[in-house]
Amino acid sequence: MEPILIAKGVTKRFGGLVAVNNLDFTIERGSIASVIGPNGAGKTTFFNCITGFYTPEEGKIIFDGREIQGLTPDRVTRMGIARTYQNIRLFSNMTALENIMVGRHPLMHHQWWDAILHTRRYKREEQEALEAARRLLNFVGLQGLGDQLARNLPYGAQRRLEIARALASEPKLLLLDEPTAGMNPQETSEMIRFIRHLRDELGLSILLIEHDMKVVMTISEKIAVMDFGKKIAEGKPEEIQRNPRVIEAYLGRGAASGIKSATATA
Amino acid sequence: MKKRWFILIAVVLLVAVVLAACGKSSYKCEDPYGCVNVAPGQPIKIGAALVLSGPNESLGVDSLGGVEIAVDDFTAANKDWLAKGKHSIQVVKEDSQCSAEGGQTAAQKLAADKSIVGVIGTNCSSAGEPASKILSDAHIPLISPSNTAPSLTAPKTHAECYLRTAHNDKVQGKAVAEFAYKVLGAKTMATIHDGSPYAEQLQQVACDVFKQLGGKCVAQEAINVGDTDMRPVLTKIAASKPDVLYYPIFIQEGALITQQAKEVPGLENTVLMGSDGMISPDFIKAAGKAAEGMYLSGPAAVNNEEFNKKYEAKYGQEPPSAFHLHAYDAATMLLNAIKKVAVVDKDGTIHIPRKALCQALFSTKNFKGLTGTLTCNQYGDCADPKININKIINGKYVPVWPKK
Amino acid sequence: MSEKIKYFLERISWVDIMVWLFGLAILVIAVIGVIGSIHNAYYTKEQWMDFVVFGISQGGVYALIALGYTLVYGILFMINFAHGDIFMAGAFTGYFLAAKLNQYGIYNSHPIISLLLIMLLAMVTSVVVALITERVAYRPLRKAPRLVPLITAIGASFTIEYTFRGLYGSGVEAYPDMKIFVGKTSVLGLRILKVHLLVIILSILLMAALYAYVQYTKAGKAMRAVAEDKDVASLMGVDVDRVIVNTFILGAALAGIAGVLYALIFKQVHFFMGFIPGIKAFTAAVVGGIGNVPGAMLGGFILGIFEALGPGLILEGLGIPASYQLKDVIAFTLLVLVLIFRPTGLMGERLSEEKV
Amino acid sequence: MDSQNTFWKSAVKNGLLAGAIGLYSTLVGLVQAFNKRAVIEQLSLGHITLLLSWGVVAYVFLNHHREAESKGKLIAAGALVGGLGAFLVALLPMTAQWVDYHFVFVHAGPEMYSLLTFGKGPWVGSAMLVAVGALWGVLIALVVSLPTFWRNSVVKAFLITITVGLLSDLFSGMTIGWMFQPFLGVEGLNILGAVLVFGLSIAYDYWSAHRKPKESAEAVATEPTGITKAQLRRMVVGALALVVVAGLPLLLGSYLSHVLNMVGLYTIMGLGLNIVVGYAGLLDLGYVAFFALGAYMMGLLTSTGPLGIAHWTFWEAVPFSILVAMVAGILLGVPVLRMRGDYLAIVTLGFGEIIRILALSNWLKPLIGGAQGILLIPKPPLFGFKIQTPIHFYYLILVGIGLAAFVAYRLRESRLGRAWMAMREDEDVAEAMGIDLVVTKLTAFAFGASFSGLAGAIFASYVGSIFPHSFNLLISINVLSLIIVGGVGSMPGVFVGSLALVGLPELLREFAEYRMLIYGLSLIAMMLLKPEGFWPEPIRKRELREEVGD
């Protein structure tokens, strides 16, 4: 299989802190890949480098054969990468339907004069967008909730709405940042099924960041493990499970850091 | 419920029609602009569109006092004329502010009231521009006590029924320049204005005349209303060492300049001059001792003992600005003209033809007012343009020029 | 080759370039003006120094008011538009005590005590007004969208102004001269008005005290905790309401003192006196980096100096007449310029990328 | 027993509060200033202000305890609150012989004391005042103990009567003013009018409470073919509204039309700022800059005075006014592209001030008139007819509003509109949705500015002369306030907001110096009562609707 995304030697520093250190990673077209690691390992920073929020100091990110590092987020999105956020970031005072329609922004081309004059282009695009939005709403199982304000939706629905919004731009690669965070086991397994369904139905490539080992192990075809900004292991789930460095980094210290983070919020 | 509404409206209509029928009178109005009919027991209404809020409010309060006292005096002097139909004179106040849109709103409101006979106002020329046009269109005369912008009575731009008892800026600016050059012997002059059309115009005229006389205008500076630290601008002016510093602005900023000029090196020998915007007890209070020896130009008639007594008796304070006498004269002129053209019915109804009123005002000649002898020209300038220069001595305004 | 050019073109931020060019253009114009002015040699060296001194003393007042803005903003993320009027309330009320003291001769026989009494009264008045404002207009709306408290703040500003206009009248009242502060003195070879010296020293002392308070006392730490994150702070046992009230008290007390100092420099007080200093102080707080205490001081002084010096130094060199009329243009241009090159103000924390 | 204590304690507390509010309105001068203004026959607004300041406190307090306490006790408490409130106010005239209040409080003088004591001297008069307060409290207690319907109805009728009395002089200025004459005194309503208004209000309440709720059923019933009854009703209502809107100025006369025109101009500006603030979430406090540019452009291009450069007509100049404002919106938008929230607010405020000061400056005086402004701006011609009076302008402004509302509405329902709102909600995420922030922000500024330019152009032609002082910060603040009072992002809200914040203050002109106080207080009150605005943006339902746009 040919790769859809190749990261080569990506490095991102904040002052003295090296958040992502010389990272290499490849995602095959049509696969589900994951990045895992303890808190602060640099996973989200890596995401932000891909989506254009950050410009890596060194290294290349090649998407679909083109270098994308340093491009602005809107350009990256228009090339075919969409994402969700760890702490859901919907447009909370817009309806669910409008949220999805915003996601379709890169596929629409009418200008303000089209909108004022209601030209044919405007009518066609709006009709398409509305239909696509309804379709996606059904696809993620939110039918009937389209006219609700996003902030009034229940938590799980918000997660799915965020994914629907990301899908609206018809991306080739979907980045999911902890899609099961805060979900109970039943919701989690539903989400797993849903992510598989996404790949199988829409033929997307998916990269996810996840904390939940069980999710990662069940769903991923390839896993990279990060610690202190470095990739310490990469491979199939079963390989990762057996890797001693992962066990040490993840379980040994992870438990301790887990306790620390628990006290910090108390 | 709908039925009830209909009944109500029908009743209202009926009552109104009956009342209208009763109001019919024997007088037939032949004035092309129509007449104001004041039924017995009703007041004769005159408007006062003055600045009653904001930073220039003292100007309006001052003029309003003039108008109200004029009304009192007129009422006292014409008891018999008013008594026949049990009339009184009512002053309808409107805040015209010191802006074009304020003047417009006040004028619209007064113009909408068909019982308004004439209006005294406005204070600020910017309010006068639209107000004069609107009221003239409604055939209501407007007489201003303190508009000083030349354009208001210029041949092409004046409004049909607009007059003023205030002097034009050109007169006062000239007086200041002449006093500075001839009496004070100044050779160089600096000016400061505050961005108000009045001050800007006045200092420009003063500068122009001063130059014509042979002097030099070394600096023309400006500040903004609300500024407090005048020392930098004064330092700048000090660098050109003017003989006279003229700032025809208002109390607040004027007092600050007066005080701070004493603290800025280089201005020790500069004579300070201002104009009628600062002729006010408030200015003396705000500027304190620094104001001693300062010269202020203003209408010759500011202190009228008799008027001041009436004012203090009525309002418990001295007139707060310099145009109360102009307002008094404007109102008296208007009331006299009303009396002149009015026709009184047998039942006491007073009919006032509008066009005749306007013509009567324009034909005012040798009217003995408190500001002098007023004669109106064809463009509406009625002022007897006498300007005094006052010196502040022991906290009092003492006229020093022209010598009597 | 063309690949490379394309690569770069795709990554250039045209906005940044435009904005920088805009800033650069202003800077170039300013420099030309400065060169022109210096070339003119219109002012003597003493006069240049005078400008700076005037600027510093005006800046001291700005800084004291700016602290109130910055404290409240740091904690509630709202622009307390009424702060300028809280400043006015103190200064205006202080006048009556000053006048009474002057009437009985205490004003000049015991100047320091008088001054302290007047400041105390001004502080108390400002604090009371600020607390009523907070209780009535801000607290009920703490959970509302951000624009809503902005509007009540504007409403509160008008209300305070016109309340005091109604209470004390619309006229200008003049603080009596305090004899020991009349005249000039000289410090380090600079001629300086005694009032100015007093204002500069007092404002610096107060700011240092405030900084120490916020940095080192327990109450100050609680304040910073609330500023960082209200929810976490309240979980840690900090009484958030109490801290917010404290902040308002602190800001208002400083504004009250600033009011008296202002009245000492400029003598006159009136109901509208808070409006323009309020806006300027807010500008100063933003220039310095809003939410940042030393930033507010720095911003205040810089703004004051630029206002005093700018017209003579920059505009005159460009041949612009009546340059002091455009003083505020300089002040606001300075603001734009600072924000172009440092989007969060001179001492504001850089919006760390981590926050994205 | 304990609860009894707290009841009386809280009654005393409320009495003190009533007194404090009463003292406030007295010392600020409201009572005295309003005393000259009759509302109903001899009852002046000053009296009403005092009564209201005690009454509101008493009413809220008593209403709170209505369920728990007996009627007798309520009456006693009412008397206590009212009496105590009055007593605090009466302290002023009582102690005036020893304390010189006038030294600090300008309004505290013999005139005020005699007003408070009915001219009967400090002791007798104060006793009378306290008695009036107590009686008023009793009256309120009686109203409070009425059944819910009557209580609400009476309070409402009371407030409506006062409002009508307050605004009654407007009726005489109307074209149909003569119809109201029998009910009006020299100032305010006469007794007949007051009784009539009071009665009508109660009657209306009674009617609306007792009518049969059949209409709601009607609205739901759907005809299988074509339009529903509800739709038909909407159409009829719409047509009626159109007739009313078109005929309004003819009915209201020139002054009220003028007030409506000012409301209209602010509505146009509000619609524009609503795009910037309401849709795109960019806090702009310098909106007046574009208003000024539009007005100055109109002035320069059409003026027949010495500053006029082209002597065009209104119609030729309008596009340029709009265009110049639009370009300025983009130019001023560029430096602030990277700024967020409150930084943006202060910088735009600065821009507004810069434009005003430049308009005023000696520097640019040769070009644009400086402090002397631009005079002699002609009125718009229309096929040989001249748009001149406020009534004529009403229609011109109406067209302007229509145009602005049309554009704003259509933009909102487009890709651009959604991009604006997404940006308002979360700028970073919006960018990650493929939205070009630069273009999106600049178009928001450009459209917002162009509406303001249009309003400025009409304003210049309407007033006929423009001065830099007209373009101050207050306008920016006013426009911002009105869109928030109306409901951020809501188009009908803009109109409601300008009616409340521009229309009402115009009607309160006679209170001159107290107008701003009332304005400030009502800004606070409105936001406390309705933080989401009076007419919040409706949620557009479209999941199950088929159509796009129209």
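Some notes on this structure:
In this document, chain identifiers A, B, C and D correspond to the written order of the chains, with residue numbering beginning at 1 in each.
The working rule: a contact is a pair of C-beta atoms (placed from the backbone, for glycine too) under 8 Å apart; a residue touches a chain by one contact, two chains touch by 3 or more.
Owing to the predicted nature of the structure, the values given are computational and were not obtained by experimental measurement.
Comparing chain pairs B-C and C-D, the larger number of C-beta contacts belongs to C-D. Ranked by how close its mean Cα position lies to the mean of all protein Cα atoms, the top chain is D.
Distance from the chain B centre to the chain C centre is 39 Å, each centre being the mean of its Cα atoms.
Distance between chain centres (mean CA atoms), chain C to chain D: 31 Å. Spacing of chain A relative to chain B, judged by their CA centroids, is 72 angstrom.
Computed centre separation for the pair chain A/chain D is 47 angstrom, with centres defined by C-alpha atoms.
Within chain C, contacts with two or more other chains are made by residues 170, 321-322, 325, 328, 356. For chain D, the set of residues that touch two or more other chains comprises 357, 360-362, 428, 513, 516.
Within chain B, residues 57, 195, 220, 222, 224 each touch two or more of the remaining chains.
Chains touching one another form the pairs A-C, A-D, B-C, B-D, C-D.
Chain A makes touch with chain C in their complex at residues 14, 48, 53-54, 67, 70-72, 75, 265-266.
Those residues of chain C that touch chain D in the complex are listed here as 14-16, 18-19, 22-23, 73, 77, 79, 96, 100, 136-137, 140-141, 144-148, 150-152, 154-163, 165-170, 279, 282-283, 286, 290, 320-322, 325-326, 328-329, 331-333, 335-336, 339-340, 343-344, 356. Here chain B touches chain D in the complex through residues 1, 4, 8, 12-13, 15-16, 19-20, 43, 52-53, 57, 93-95, 98-101, 104-106, 108-109, 111-113, 126, 129-130, 133, 137, 149, 151, 157, 193, 195-197, 199-201, 220, 222, 224, 316, going by the rule given at the top.
Remark: chain D residues 109, 172-173, 178-182, 186, 200, 203-204, 207, 211, 253-256, 258-259, 262, 305, 357, 360-362, 370-373, 375-376, 388-390, 459, 462-470, 506, 509-510, 512-513, 515-516 touch chain B in the complex.
Of all residues in chain C, those touching chain A in their complex are 7, 10-11, 13, 232, 235, 352-354, 356.
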